[in-house]
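Structures follow.
The following pair of complexes shares a single chain, chain A, combined with chain B in the former and chain C in the latter.
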Partner chain A sequence: MNENGDRMSIIVQTIASILFPLALIFSFYVIMHGHLTPGGGFQGGAIGASAVALLIVAFGAKYVEGKMEEENLSIFESLGGLVFVIVSILGFFLAATFLTNFLVGEPLFGIIPAWGEAPLNSGGVLPILNLAVGMKVIGGLASVVLILAIASKEGEK
Partner chain B sequence: MNLMEHLPALIIAIPLITAFLTPLVDRASKKARNVLVFISLLITFILVVLLVQRVFDKGIITYVMGASNPTETIPKQAAVPIRIVLEIDGLSAFMLLISIFISFIGLIYSFAHIKEGGGRFYTLFLLMVVGMIGMELTGDLFNLFVFLEILSISSAALIAFEFKRATTIEAGIKYIIISSISALFVLFAVGLFYGEYDLLNMAAIANEIGGALSHIDKIALILLFSAFAMKAGIAPMHMWMPDAYGEAPGAISMVLIATTQASLYALLRVCFTIYNEALHVVFPIALILLGLASIFIGVTMALLQDDIKRLIAYAAVAEVGYIVLAIGAGLYGFLGGGDKFASLEMWKVALKGGIFHIFNDVLDIGLLFLVAGGIIYVTKERSLNKLGGLAHSMKYSSILFLIGLAAVAGLPPMNGFASKIIIYESIYGVSPILSIVAILASIVMLAIFVKIFHAIFTGPKLAEHGEVPKYMLASMIVLAGLIIFFGLFPDIVLKNLVNPAVNALMEYGKYISAVMG
Partner chain C sequence: MMGLFEIAIILLSASMIASAIIAIWFKDLLASIIALAVMSLLLSLYFYILQAPDVAIAEAGVGACLTTAILIITIRSTERMEEGEK
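Presenting the complex of A and B:
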């Protein structure tokens, strides 16, 4: 540990702040392409949480906790869960049963080609559900990492 | 859109959506959060009652997630069920009713003693309810595993919720280790089935097995059997139960009994529905022996305890033993073991006693746990050596405890007597020794509970205490009322709830044809 508390050197901090938005973009890419390519909500969410872990390593848990409070992450997580259940319930209000893909055939999301490469706006409700899972995983995993980092720092003292 | 058709999905969705809303509402107002959780569980309770009514009227109900029609179990493009199917028969209906009722009582009780961190507590509580009722609703083996995991993780967190002592954390960790091992067993078995048949639906797998077991089926059977026996706390795998029940907050100890019974339900589903007549007769014999071991270990270990909740937890192990003993005897006759026993159809009676005892166990032990939780809440003391003279200040609690102990020991006007007498009579047909051990264990249980009643409630007044809070008292009185009601009129429950459950277990063909057509 150096004079900056639990922060690492200025080089690491700079690189981390450059990489953080890139990692988030990659996370978002994996989440939104969940219905087309390998990966999906969980995998993309784990990438997003690892971006937060990168910040914790570079800047220290205290600083990151000050910037994004654990409570906010919990709310983010709850919102993800809510979106998932609400979209599932809409399935039987708008179509047939719970979890029905009611956006299939709609112009914005529902274009499903018969075979071959599909555009991003295919898959009906799947991208929305993937996004919900992604929100839940980012929120949940990031708050777990944050709490563990803070708890282990307090344990050292 | 006919809302009645969507009941199974709504029963899962409403507690789930409230679980995610709770942390958000908790930031605004604590009172609003309590009202929200209460209303959502009340609605779920009403929906479960409607669903159970529907099952008894119309027979088995299936609900297919994401299909164009809720009852389209096999899609037109495929020859097998590929979607998640929820399937509710008499047994699931019976278990659902128990689970949601106990959760509701537990929720009312918890309003009295959950002060800090309520947002997290109620989120976890609702997730536990979702896991429990999900296990009883689903007709899909992988779905069962998912709900088992939801249940395990949320209950492990709830067991360690009030972490004042190191043993609380130990209990939580023990529980999560046991749960992970059994969940992995289940996942492995699901993988084996999927590799062999390309199927995950329980009815479809039962249809494929159809009386002849391959080696893979046998491996999967052992895995599922041991995993659910472990989660249900049957004798050699009972060691997590005293810790978990003993350390959990008051209301959770009671709801945990209902969660172990959800695992027992899964065990029944595996034995009676998936494998049914292909099961080797060694499994019911194993169940009978494990049940005897549970009774013996539970009663003898309860003698040694001086912690009030651990003592009741060991009594709970013994009560699970009674259920397993009766169900084992029922399964033994179901497979045609014991000529006279099978020909007299005493096994149906044994099965009835076992299923009825599931309800009675959770009411009796649940009431004792609630009273014990109230005593610990008021006196901050859990050692029998330091408690005493509480009947002076806690009149109602002492009477309720007396009712609970009479019910657990199987004394006549209580419900425990109603189911235990059926069990004693019917298992006599398998072997008289079983009945003798069961009766003797009940007598020892009575002796233990008289001893702790004496230790806690009688004697000179040691310190000034008030009565327990009114939410606690209300939930205890509901349970005590049901205990006496079921004891006086056992026929009402036997006829309306237990008989359909037993019939559902025996008529596995209907469960299969409800999905396979």
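Presenting the complex of A and C:
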């Protein structure tokens, strides 16, 4: 499987480097349209983490670890959890209870039509929560795969 | 009278059972992992036919991509062929 170091062949590397931004764009699409179409934070985050897993399988764990350190992924994941908790507690202070949708009805957020297709900014606080869950899932699953690959590579020596 | 829905469900169930049996039957564990990924992909198609597209996306992302990557990374550091009778 690994002829030169821990990389795969040049065909796999080229296809992976073409497919990686497309998979990230699709992941971001699924996350940002989570309140309108099927999908949401967890599904989009799993797609983004599988894009990182594609890079790890094609380029090897050491190269990916050099490009994105595991600490940065942990910081990214913790930032997602922090955004979720802060938005939830803001709902407690600005409106009635925990996780209240306090942005709906504002002029920039929450133009909800009576029927038919809703526009993208009709969710109020929900896209922010979906984005936070997506950041947490991408960071968590990608760091799981990266740590597993690095640990199995160090176990060989 | 069988409609298209029943025919699709019967075909998908038969293909899933066949790929699961193939995944157990292979001695080459890499081919076994590919058969398991095929079973997971067919399961996501099954969820889509049963009108649960949310679960279908989660199954396709986690079951067919991440589990396959984790198992391939695990096989890379252990042995590829199953022990026992050749």
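Convention: the second predicted complex is superposed on the first by the 152 of 157 C-alpha atoms of A that agree within 3 Å, B and C clash if a C-alpha of one lies under 4 Å from a C-alpha of the other, contacts with A are read in each partner's own complex, and residues count from 1 in each chain.
The criterion applied here is as follows: a contact is a pair of C-beta atoms (placed from the backbone, for glycine too) under 8 Å apart; a residue touches a chain by one contact, two chains touch by 3 or more.
What you are looking at is a predicted structure, and each value in this text was computed from that prediction instead of being measured.
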| item | value |
| --- | --- |
| Combined model on chain A: chain C and chain B, fit or clash | fit |
| Partner chain in contact with A:53 - chain B first, chain C second, else both or neither | second |
| First, second, both or neither for A:153, with chain B first and chain C second | second |
| Partner chain(s) touched by A:145 [first = chain B, second = chain C, both, neither] | second |
| Touched partner set for A:112, first chain B, second chain C, both or neither | neither |
| Which of chain B and chain C A:15 touches, first, second, both or neither | neither |
| Contacts of A:38 with chain B and chain C, given as first, second, both or neither | second |
| Minimum distance between Cα atoms of chain B and chain C in the superposition (Å) | 16 |
| Chain A positions touched by chain B in one structure and by chain C in the second | none |
| Chain B contact footprint on chain A (complex, rising order) | 71, 74-75, 78-79, 81-82, 85-86, 88-89, 91-93, 95-101 |
| Chain C residues within the chain A interface of the complex | 53-54, 56-58, 61-62, 65-66, 69-70, 72-74, 76-77 |
| In the complex with chain C, residue positions of chain A that touch it | 1-2, 30, 38-40, 42-43, 46-47, 49-50, 53-54, 56-57, 141, 144-145, 148-149, 152-153, 155-156 |
| Residue ranges of chain B touching chain A (in the complex, touch as defined) | 1, 6, 9, 13, 16-17, 19-24, 27, 63-70, 84 |
